[in-house]
Structures are given as structure tokens and as C-alpha cells.
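The letters A, B, C and D name the chains in turn, as written, and every chain counts its residues from 1.
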Amino acid sequence: MAKVKVGVAGYGVIGQRLADGVALQRDMELVGVADVAPTLSVRALKEKGMPYAFYAAAPDKLSELAAIHIPVSGTLEDLVGKVDVMLDATSAGVGAKNKELYAKHGTKGIFQGGEKNSVADVFFHGYANYEKGLGAQFLKLTSCNTTGLIRAVDCLDRGVGVEKVAITIIRRVADPGDYHRGLTNALQIDHAPSHQALDLMTIMPHVDATGILVHTPVTHGHIITVVASTKKAVSKESALELFAAHPRIRIVRIDEGFLGNASLFRYARDLGNPRGDMYEIALWEDSIVMSGKDIMFAINVPQEAVVIPENMDAVRACMKMQSDRIEATDTTNKYLGIGKWKALE
Amino acid sequence: MAKVKVGVAGYGVIGQRLADGVALQRDMELVGVADVAPTLSVRALKEKGMPYAFYAAAPDKLSELAAIHIPVSGTLEDLVGKVDVMLDATSAGVGAKNKELYAKHGTKGIFQGGEKNSVADVFFHGYANYEKGLGAQFLKLTSCNTTGLIRAVDCLDRGVGVEKVAITIIRRVADPGDYHRGLTNALQIDHAPSHQALDLMTIMPHVDATGILVHTPVTHGHIITVVASTKKAVSKESALELFAAHPRIRIVRIDEGFLGNASLFRYARDLGNPRGDMYEIALWEDSIVMSGKDIMFAINVPQEAVVIPENMDAVRACMKMQSDRIEATDTTNKYLGIGKWKALE
Amino acid sequence: MAKVKVGVAGYGVIGQRLADGVALQRDMELVGVADVAPTLSVRALKEKGMPYAFYAAAPDKLSELAAIHIPVSGTLEDLVGKVDVMLDATSAGVGAKNKELYAKHGTKGIFQGGEKNSVADVFFHGYANYEKGLGAQFLKLTSCNTTGLIRAVDCLDRGVGVEKVAITIIRRVADPGDYHRGLTNALQIDHAPSHQALDLMTIMPHVDATGILVHTPVTHGHIITVVASTKKAVSKESALELFAAHPRIRIVRIDEGFLGNASLFRYARDLGNPRGDMYEIALWEDSIVMSGKDIMFAINVPQEAVVIPENMDAVRACMKMQSDRIEATDTTNKYLGIGKWKALE
Amino acid sequence: MAKVKVGVAGYGVIGQRLADGVALQRDMELVGVADVAPTLSVRALKEKGMPYAFYAAAPDKLSELAAIHIPVSGTLEDLVGKVDVMLDATSAGVGAKNKELYAKHGTKGIFQGGEKNSVADVFFHGYANYEKGLGAQFLKLTSCNTTGLIRAVDCLDRGVGVEKVAITIIRRVADPGDYHRGLTNALQIDHAPSHQALDLMTIMPHVDATGILVHTPVTHGHIITVVASTKKAVSKESALELFAAHPRIRIVRIDEGFLGNASLFRYARDLGNPRGDMYEIALWEDSIVMSGKDIMFAINVPQEAVVIPENMDAVRACMKMQSDRIEATDTTNKYLGIGKWKALE
């Protein structure tokens, strides 16, 4: 079967990881990546010897790119014309504009959490509503926090039914290397309910969700606490069993040395994962407690890489590569190497 | 009526503020403060011209104190012998040792949250269980987080009844000026349930409490989110009304400029409060949301000063200065200037 | 003698402290302060009972101010018309616009470091070039880092002559309570030479100055290291003697507990200084080392309050209240309480 | 020629990178790594499928290791008996104890900067004093800051002669993932002169060095400013040329996007370097300024990986694999992939 041809627009924090993710999918072909300027990431691409073809998204920046000898394979539109699907990881707002280009060429488009919901026909999550994405032309993925959160809530929901969640998001405020945003010695609270709770309800309309988000001055991984009311009675042990069976959830323990989000970043670096990335969320076994009949627990969401698997799922859905949710996500997982570690336990 | 004579052991972050608090109570007399060594706080006391008499807690450090010309009024035991009550704010573990000295002199002792519960006869909170402290010889106060949390939960409980709370504590990891502890670019999770939830149940045994605590690398104010199940139905508006009526709770809004814990520290500094301290917890109006029939909200706990009012209440209780909870806390509030701002609204 | 009438435009971090500083000068009268909107600082002014008259700088924001019941004494222009000198601490760029208003009313204007040099006739420092400010209509103060740095360099220069300095500025990136700027887990370097080195040469043209600035994610106090080449030979001891004699320099030692910038903030809070402010720079005795014939040392610059004394000096200069540099700065120091602590040593 | 057999004691931040570095040297063989307990790094080794044989350094922890199914190839002493050289990256103080084991087996030992100088016969730096290490039994490497600093100073010294340096070290306080140490919203100053300046003089005794060190709450890369007095006149351009020719120094510019230490960490991650490591120091072209005849500049030192190349050089020296400094360092560089990027410019 011919490989699905994929392009990536925006070669930043997410775009780079999408490109790497697509390159690992044996049933997809990464045709190229597009960006506007010689950013650090583009310079690194060049220093690595241009493993991916580069397309210029802004014709007026061509001289800047030429000045540092980045080989340019064409314009963004050239790239769009060559592929079946564009993964759009441009800055918020640019995707909506790029969409016109995708529509013009009949190319499917998959947008990230920063874009408005109206950019897409379907708001998508690989595990929670894969079927809705089948054959869609424009999909929008959930943001990093929501993607990780839904993994855990959907997992619990399929096991014992979830009626209601109240979440507290302890958000990392910037990525490593970010200088355009930051917070210094301060916690910052957002108007409640947080958009992540509202987004969860868009994907899982049968769940009542609310939550409060607090920004914290760190760069590695959000931590979310979840208080969930379930339909069937659940114990700490049975919940743990459900979570442990999910391919994209790692169960960790404080006593093993996983003291917080920075431990998980360190562990991913020590694993030799490119950039120290981790696709899985982590769920602390030591955090699971009962609140009456409700269950409470904490997860870690590695913000830079967590959405990559669900983006691969989205390509599978919109291109109808697999019609079944489990078949699709398992294929993504296999190519990304997710779950290999489960076999070691 | 003769003033109640009070001494303070440990002139650190809490001890200094206890001394200032006692000095403001017109029905108490601050006899003196005791510490072991010429710390920065003791040096500042000297530079201020020794407004409080200083007693040496460690005879072997007398030469160190003499070297910087700190006038010493006697030993810790001398101080204990002169007062009715000792407020003990020494490092965790020292209080248990000091207790023997207090017992020997028949002096009452009030310990802070860092000591073991066994050090005291009663685990005390001015609003939640004032009556239990009446006439007690040894009281232990709740820690800063628990003190602030109980203010809000007790307030809600007296209004509509609280059955259950699930809390997420976003803890500041160090105080400004701390070099002996700290966290850098990391969130750290504790084993659940957090001790604050357990402590709350000791004070309010009819409430089911659990929670997760995450340390964050900031120095100003904890933020706690609370999911509370109430006995009577409660709306956002009625809960707000209850909270707004509490003298030690400030209602704040993001749109006023209270963006997080650092805004509250700045506001207290701009108010001209000594050290930029604030006795009240803040509760964000914009954080209150319903989770089904449960209510969720976020509070800010200014860790350095929040326990001071409840310590004054404790003196009142153990010395039977007032037998009524409201009379006692109102007297504390009047002398500390708490609630004046309410009149301005 | 009639008091000099002073107004303050901009009631933010600097403006509040200027107002407090003027209020302490017994030969000045603070007529009022002006700002545009009900910021946290303006709300705090109201909660304190309006110790200073408030003037509205933006007529279109009057309804916002009225909504929170801030009593308004008039417009900015009304204030300008009532005073001899305006201390302008508005956001960078606004001062240049306000200057027209000051010129129209024949009111003198003193601008802060954020404005362009062209806004003023003289670039001013109380100790280094007081005489240049005598009778000037428009003065501009140096920024916080430069103000603190010049104190030390001018002090050394008057003692042994300074030919050359190479500085490294370890800059705090935001003030406590700032949410509009920040840095998270990153050091940021600026193009060299830093503007502080260039500014120093404008005030002290006989010194060759250069330097490198690195931003750090902290909120309390810059630290600057200085490598100075002197005309006369200098020893560690003789330099220390010079610095110790300067009224606006505190000599501190690590072994006393002054471990860094946060210790100094804590000490100022423990002193009971309003907002935990400190007017003096600190110079670490333990940091002074010889580099061949050059001397190297480190200072701490408390960024929020350090410029206040030199602003008071500027009022004295432009109003010719004192013609002598030492008489002027000594008067400022006396009213601000600077140097009292020296008597205690 | 038979490969030199190397073992690594201590599989932590440095030990892991030493193991990876040795594994890349085609003329060395990594026999195994030793550590005491199932740390996160050891768990990661297991999850990676045990690419390196693991030896247990503490017999009493064998059951802990067995509990998580880490295959153990023997004891530390077994490893010592099999190799020509041990790279010791254990915690400070342990190396001195391990030395007895190395001596007993006639195995050479290379210690890291944390050990006392007395542990070794020679204090070593690959570029500055390679010859001193030839055939030595026990070598000690300089610490990360000193290693990076000496690269730049030695480079300048060999070009134009260096008489004197005054350095300011802006030190990152912890590594990513460290929870046992940290600093929160504070800068911390050390007694001057810093040990790095003293260490530099041990390696380069003809240079007069002094300096001040300030700890900052970040995790990625130290920044050091250097003021250097040279024997021959040097211009900004000629210095830049010298630095640019050094294989282990990267010249970077702010305008390219290298805004600070976090940009370099991000760049190394984007390069796909394992763990986001970088062996080279970076030197900011935009930081080079003249201070009279002296030159001033700033470097970035990636603390986790910077010492790895010099450790490989140390193996070469003590085993007399190459007798020439340039031949040895070039061989190390070739196998580590250092300098490939230079060819791209």
C-alpha cells in the first residue's frame, strides 16, 4: 500500500516532534517541513545535515535563509501540493490562514490546540473519539494538558464510567529555551473554569468537567490532579489496574525516584529519547486516594511531546488508514516505540 | 485587668511575627523573645534599637551574641519564669524539649505546626475549635496551609455543612531569604494524602478530607484548590457571601489585578504592612465554580503571617481571656487591624 | 523657608517610593500623586486611607476610578500647576510626553532611567555630579543598576582615582508582583557593552567602562561584580575603609548570614522598613579580591528603592536647596534615616 | 592494537555521559559501569535493554537491585580487576576510598572535580597540560566550570599570552532532575576568590587568576565572564579568530537566537544529541568587548557534558595512547563528533 504523504507546517517545539513522529511511522512518508525563518530549530536541522526537506513558508525571508545556506526545496504551497495531509503546528492564528491553502489544494489539515475550534470540523482525541475523525478534512487536536488528561479520564470512563471530574492544573509556564514568555517567583491563576475542562466536555460530552488552572515557573511537565466521580464503584487498586493497562500511561512511584515532573524529564533523557522527550503521561501510584466514593490522582503531562501520538492517530483517522480505534492507536504506538517498556516489567 | 504576660521562643520567620502580634494585643504584654544565635533577624532587632528584650536560648552562644553587642536580658529559662504563656516557634523538635522547661515552671506552651501532635493536649484552630483550647496547658497550632484551609472550610461548614473535601495544595517551597532549602525548575509531589488533609480531620472530625500536595519553586504564598461537598445545596453566590463575611478572608478578583500569590505579596507591601505581611487568606471570586452539586474554589495562604491571628486566639483560649469563640477572634482581629478594610468596601 | 512643593507622576514601583521619600523630607511638601488607573498600588493607597492626594492622569479612566471610590483631587495638569518639581516615574516614553506639560507650566521635571537621555538637560547622580544639576529645569536620573554602581565607583574614584572598570551585571529580571515580564529557568545575555557601563561614562567621563549583563530569574536585587583599575595603589583594606565610610553603602559579610540578594531583602523586611525596602547598596567584604593591581568586588543593588535617595538629591539640586554635594546628600540621608545604623557599629 | 579497557564507577549525571563517551571511542572498550542502587539512571539503563554491563558497588544493595530485575555482572572490584582504567564519577569523597581498590589492582584511576586534589598525582586538562598526565596512575580532572574556562583561557594564552584573568561565574545551581539541592528566587555569593580561579592557577601557574562566583536558580549551563590581560595586544577580531579555531569552542551570536544558556540547551536537544548534551562551550561573539588593553567576553559551560572530552583525553594521557596533545584531543574529538559542525560553516 502506498504510504500516506505528510507535510509539517511550523518547525518549532511541536513541529519538529511531529516531523520526527511521522518519520517513524512506516506507513507514512514525511515529504518535508516548512517554516518562515532561520530559527534555532532550523539551524539545528541544517547542522544535522538536512534529514528533512525544508520549504520556505515566507517568500520574503528567503534571503535570510539563503544567508545561512539552508537548502530550500520550495514554498509552503509547493509542499501542500505534494502531500495528502498537512500537520499544522504554526503559531496560533496562522493555521486558520493556512487552512485556505490546504482547502485550495484539497489537502487535509490537522491543527493543534492553539487554534480556534472553528478551524476544524472535528475536535479530536485518538483514544476518546477516534471514530469522529474518520475521513474528516480538517481536524483539531486537543492541547497538551487536555490530551494527557483525556487519556486518563477516558481510560477510567471506559472501565467504570465517569460522571464528573474536577481538575487542578499545575501548569508549566514555558518550554526549555523559551525567552518570549516566562514567570519569575510567582504562581498565576486563570479565570475558572479552565479551558481544558471545557475542552474535555467537547470531546467527552457525557462528563461534567470543571477546573482551576495555576501557572508555575517551571519548564518540564504539567501536573494535573483529578477528582473523578465514577458510575461504578472503584477502588484504588482497580483504578490502578485500568491505568496500568493503558499503553500511553506510565505508572510511577515516588519511592522509585520519580519525585516530580523534573524526574520524568531526567528519566526520558537518561533513556536516550531524542530531546529527552516522552510520549506517555505518568500517573503516580502514590497519589491515588479515595475521596468518599470519588477517586483522586495526579498525572504528569510532558508538554512538548505528549500530543505527538494523537497527531499520528489523527492522520490515521482522516486518511482512513485504520477504521478501528485500537488498531489505529496500537499502530501509532508500535512505530513510536510506546509500550515496549511495559514488556520489561 | 492585668495583662497576660507572653514570651516568644525562636525569633525566626514565625517568632518575629508572633512577637509583633503580641505587642499589638492591648490585653497582653510581650515580656521578651529568645533565640540561640546572632541570626539576621536578631541583628535586625538590634539595628531597630531592641524594641523587645532578648533572652539567650543557648548559654554557649553568649559570646557570639556579645561579640556583636546584642544586649541580653537573661536565659530562656529566665524568660519562661516571667511569663504566663510561651509561644514556641523554634525549629521542629526543639519545642518538645522546651516543653519540659515550660512544665517545670507551670508556664503554658503554644507550639507551631512543625512539632509533633503529641507535644500538646489540644490541636487548635481559633475559628474551628476554640472551645477545646479553653484552659489547656499545651496547645499546638495547625501549620500555615492547614490554618488557612480550615478558615475557608470551617466558614463553609458553619453555613451549609461540609461533608467532604478534596484539596490540591500548590505549595511555595521556601520563604524569601531561605538558603537552606529550595527547588529549582521542578515541581515535587508528596505521598498522598497530604498531612494537611489529615490535620483538617483532626480539627474537624466530621469532615472527610483528602488531598495531594505539590511543591513549587516560589516563595510567596501557597495556593490551595478545594472541591467541597456540602450538606445543603450551595450556589456560587451564596458561598461567596459566606466567605465575604469572614473577617480573615479577603475576596479578590483577577480583574482587579490579583493575578496570583505574588500580587497579594505586592499588595501587602504597598499597604505598608510590616514585612509585607498579610494575616488574611485571599479567596478568588473568579475561581469559584460548581462541580455538579459540589463547589470548587481557590485560596491564597500567605505562609509567613497567616498563623499569627490563630496564635493570638490560642493565648486567649488557654488563658481563658474570652470564653466565646467570636468574642475572642474579634478581639484578636481588632488589635491586629484585621477587617478594617472591609469597612471601606 | 517655604517647603519645596513636589508632585509624583506614576504611582507604580518607583512612584510610590518617591512619594514616601518626599513625604519624609521635612523641607519638601508632597502635594500629590498621579496615575491613570485603579492599579493594585492605587487600591492600596485607598485602603490605607488616602495619605496622599490622588490626581487622575487619564481623564477617560475617571469612571473606572470612581467605580472603586478613589477620591480624585484633580487632573495631572492640576497637580503640575501646583508644584515646583514633578518627579516623573511613568512608564518609559510617557515622561517625554509629560515634559511638554511641565514646560507649559514652568515646572521642573525629574525623569527616571527608563526615559531617553534626550528628555533632560542633565544626566544626574547625587554623589557623582551633583553640581551639574544645580538649577537645571529637566534632570534624568540613572537607572537602578547604574545608580548603585556609580555610588561604589565614585566612592573609590574620590579616594584613589579610577581609570577603568569592567563590570558584570547579574540582573534580577522582574520585581516581586510582576506578571508582565519574567524569565523561567534561563539566563539571558545582552549585547555588550551593557548600557550601564555606557551610562557610567556619561556621568564619569574620565573613567573607561565596559561590561556584560546577564538576566537571571529572580526578583530581589541585582548583583554586580566590578574589576577596577585605580590610579593610586589600593589594598583590600584601604578600599574597604573607603566603602565603609560612604553613607549609602552597607558593608556585609557572608558569615553574618548575608548569603545573597535574598538575605538583604529579608533583612530589610526584618528591619521593619516599609515594603522591605533598602536605600543602601550592600558591598560584600568577603568578595573583595586583588587582581594584580586591580581590585575586584561585588555589590547588591536593591532595585526598587535604590534610586530614591538620588531622586531626593535631584530635587535639592534643581531647586538649589543646597549648593554643596555633601550638604545635599547628607540632608537627604538624614530625612530618609540612612546611616543611622552606622552609629550602632 | 588492543583497545584500552575502561570501567566507570558511579552511573549518575557524569558517569552516564562518561560511559557513553567511552563507548564512542573506537580505541577503547567500555567493560562496564558500577553503581550502588537502583537510581532512575540505573532503571533507565535497564529499560534501554542493558547496553552496558552493570556491576554492583554496594553488596548490601544487591537485593534492591534484584527486586527490580537489574542483571548484575559482578561487584565493583570485579570490574576494577578487568580494566586498565577506571573513570570515577562517584559522589565526592567516595573516589578517595575507591582509590585503594584501584591501587590494589594496579588499575589507573581518573577522578572528577569534586574529589580533593590530594586524591591524584596530577590535576589535568586535555588542552592545557596534557603532557603532565602521560603515564600517570591517578589523575584528577578539573570541575565543569574550570574545564570550560581553561579551554578559553588556554586558547587565548597560546595565541597572545595571558597574564591575568578576573572571572565572574554565574553558576547554575542544580542539574535538571535534581531534588536534593536547589535555590528558589535567590542569588547566592561565595567567598572570593572562587575555587575555579585557584584551580586555573594550579593548571596554568603562569596566570594570575581571581574571581567571584554567584549561584543562580537555573539548571542549564553556567555563564562565565572573563576579563583577561594579555601579553601581546589583542583586538576583538583577533581574539575571535583564536576562539573560532578551537575545536571545543562554538562561537554563537545573540542575533542567531542564542539568547542565553537555555538557548544552547534547546539547540543541543534539537540537534538530537543524546540527553540534549553539548560537549563544546559556547562563546558569544556579541559579548566580546575591550576594557582598555584587556579583553572581556562571556562563555556558556554546559555543566553535564563539558568534562567528557577532557576525561577521554585523560585516558589517552595516562595510558600513553597518544603522546601529543593535539593528536590526543583530535582523536577524542573525532570519535565524539566534535567539530563536524565547523565544516558546515
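Basically, a contact is a pair of C-beta atoms (placed from the backbone, for glycine too) under 8 Å apart; a residue touches a chain by one contact, two chains touch by 3 or more.
This one's a predicted model, so the numbers in the text were calculated from it and none came from an experiment.
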Far-end chain from chain A, centres as C-alpha averages: C
Selected interface, B-C versus C-D, where C-beta contact pairs are more numerous: C-D
Geometric centre distance via CA averages, chain D-chain C, whole Å: 42
Chain A and chain C: spacing of chain centres that average the CA atoms, whole Å: 47
Between chain C and chain B, distance of the C-alpha-averaged centres to the nearest whole Å: 35
Where chain D touches two or more other chains at once, by residue number: 176-179, 184-186, 188, 217-220, 259-260, 262
Residues of chain B that touch chain A when the two form their complex: 163-166, 168, 170, 172, 185-193, 208, 210-212, 214-221, 223, 225, 227, 229, 254, 259-262, 284, 286-292, 294, 296-298
Touching residues on chain A, where the partner in the complex is chain D: 16, 38-41, 43-48, 176-179, 184-185, 220, 256-260, 262-263, 265-267, 269-272, 274-276, 341, 344
Chain B residues within the chain D interface of the complex: 173-174, 176-179, 181-186, 188, 217-219
